[in-house]
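Since the structure comes first, as structure tokens, the remarks are kept for the end.
As written, the chains take the letters A, B, C, D, E and F, and residue 1 is the first residue of each chain.
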């Protein structure tokens, strides 16, 4: 494989999946890596995450630390959850349904955890 | 506000305590909020991914319900609570105090 | 004093429910009896030797609850399936204070409970 | 507790939850026990389950074996999934949204696995 | 029908193989079926709870797609396959044969 | 011969994904190289001593895959958190043939794969 699309469809922090997916994306940087936020995964795009008091890793820090990873958020999922006009992590690119699906189809593999 | 003050405005009625830990699009959040809307005296406690219900309009339909949210969970997720929720550091102490009170009930989703 | 029974079905780390349960149990133990039944994947919670690098040690949290008086039991069907076995009342793989008992004990824990909280993904 | 409402909201067979929930309901028979099928849980209502070739327990057999357990299916969930006109397990009672919620509120406790 | 015969009508085009194991209301089933609808040459393999997609109308929108289902999973769940699915005892052999063929792709949901 | 890499994240019994993965791997091993990476809760799959009463023994299934040539490795962060540790190349809790290695091996398994299948709830 030369390219991987990691699809995150569950909310961050409530489960280990977002953390696990970002870690897998980080070690995959030798390939072209896209992280696609879809369904409840788009909550990861919210700005201002501060997880110190909860005692868990800050997931937005991981996104900032690895600019090699392209992070896309599925716009219809954001809109449905009332996030479209919220402050979001700048580094995350909002893409419409068509482009989001296109990016999946043009990656060589898709991984959901 | 602590658990004791919480009781002062309870008018001696029993309460249905709803603990919601799921985001708004989940089937569990939906049935939880429908039950809370049916209850005559619901209080909603949001923890974990349940705090995402403060974004969007899922809980706006909840009439006169009092809503509490766990501060650490809000902060971690970058959720601004808005005007309807009261956030607490001692969220679990208040939740447990309230759910264990005589006559009260707890529904967990 | 009332009795609170908590039912868990997720293992540690994969979700935050073991930790949420622990916070509820901690608060309840101040005044009440706390029973915890570990069902399905939650039978992994008392495994010895947990060493998480980024999260609180869930095994330690539950050992602490047991030490402070919580009654914590695991389902034998779920535990045996997953490789946890009890011999002469002791499961070598498990942290002290947590036992593999019987699904009928879940029914008993429910029957004697004033409040029931089930937490799962 | 004198009564428990077990709410099943995931599909049977794909996960252990339906099996675990039915087993918990069986040992709870000393109390009033209702199993409520909701969302993907309503798939458990389908007639004609035959799990021998898959090598797992037949969940509809458990329902038939314990008539003490009242099993309700949430009609709107059935309709949404195209099950309303399918052949269903006779023993399962279809109830509308209002009655389903009412049964939850009148049980002393609710358990989701 | 076996894997070899399967190739005879492939017109030498490559295929997008979709393995779906989720019921129709799940977010994963929805994106899987949208991708399959976009693909010019999709084949849908239904296993596990994915066979519930044969009830309801979720897969009706899939144009000209060929649909396979795992026989044991259908039987266990009491799902009548209807006319669109081909059910196979050697489902996994056929799936693996097809997904490993030169030029084909596998999408798992 | 091509290479198929399978990623799992669920533990045994709680979902059917370990078994589905096993069926896919069995079919693929007839002609291809199969790599399996156990991530998150899937690190419970190789635990010794599994004795399910109502389901196929998932540990045995995976031991069989390893015996027949599948390369099966577990994530060390996930394994250590959950109480599985490797000393001198051996994890005592694990069935033979399955090792706790490195998350970088997941990347390697992905890079050398012709096809990738990830299965999870």
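Definition applied: a residue touches a chain if its C-beta (ideal position, glycine included) is under 8 Å from a C-beta of that chain, and two chains touch if they have at least 3 such contacts.
Remember, predicted model here, so these are calculated numbers, not experimental data.
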Neighbouring chains common to chain E and chain F, by label: A, D
Whole-Å gap between the CA centroids of chain A and chain B: 28
Gap in Å, rounded to a whole number, between the CA centres of chain D and chain C: 25
Where chain C and chain E are represented by their mean Cα positions, the distance between them in whole Å: 40
Shared interface positions of chain A, touching two or more other chains: 13-14, 16-17, 39-40, 56, 110, 112
Sites on chain E at which at least two other chains make contact: 21, 48, 105, 108
Multi-partner residues of chain C (at least 2 other chains): 13-14, 16, 40, 54-55, 77-78, 114-116, 118
Topology of the chain contact graph, where touching chains are joined (line, ring, star, complete, other): other
In contact (per the touch rule at the top): chain pairs: A-B, A-C, A-E, A-F, B-C, B-D, C-D, C-F, D-E, D-F, E-F
Chain D to chain F touching residues, read off their complex: 13-17, 19, 55-57
Chain D contact footprint on chain E (complex, rising order): 21, 23-26, 48-49, 52, 55-57, 71-73, 75-80
Contact footprint of chain A on chain E as seen in their complex: 16, 27-28, 31, 34-35, 38-39, 105, 107-109
Chain C-facing residues of chain F, complex: 11-14, 40-41, 44, 47-55, 59, 77-78, 80-85
Complex contact set, residues of chain C against chain D: 7, 9, 39-40, 77-78, 103-104, 106-107, 110-111, 113-116, 118, 120
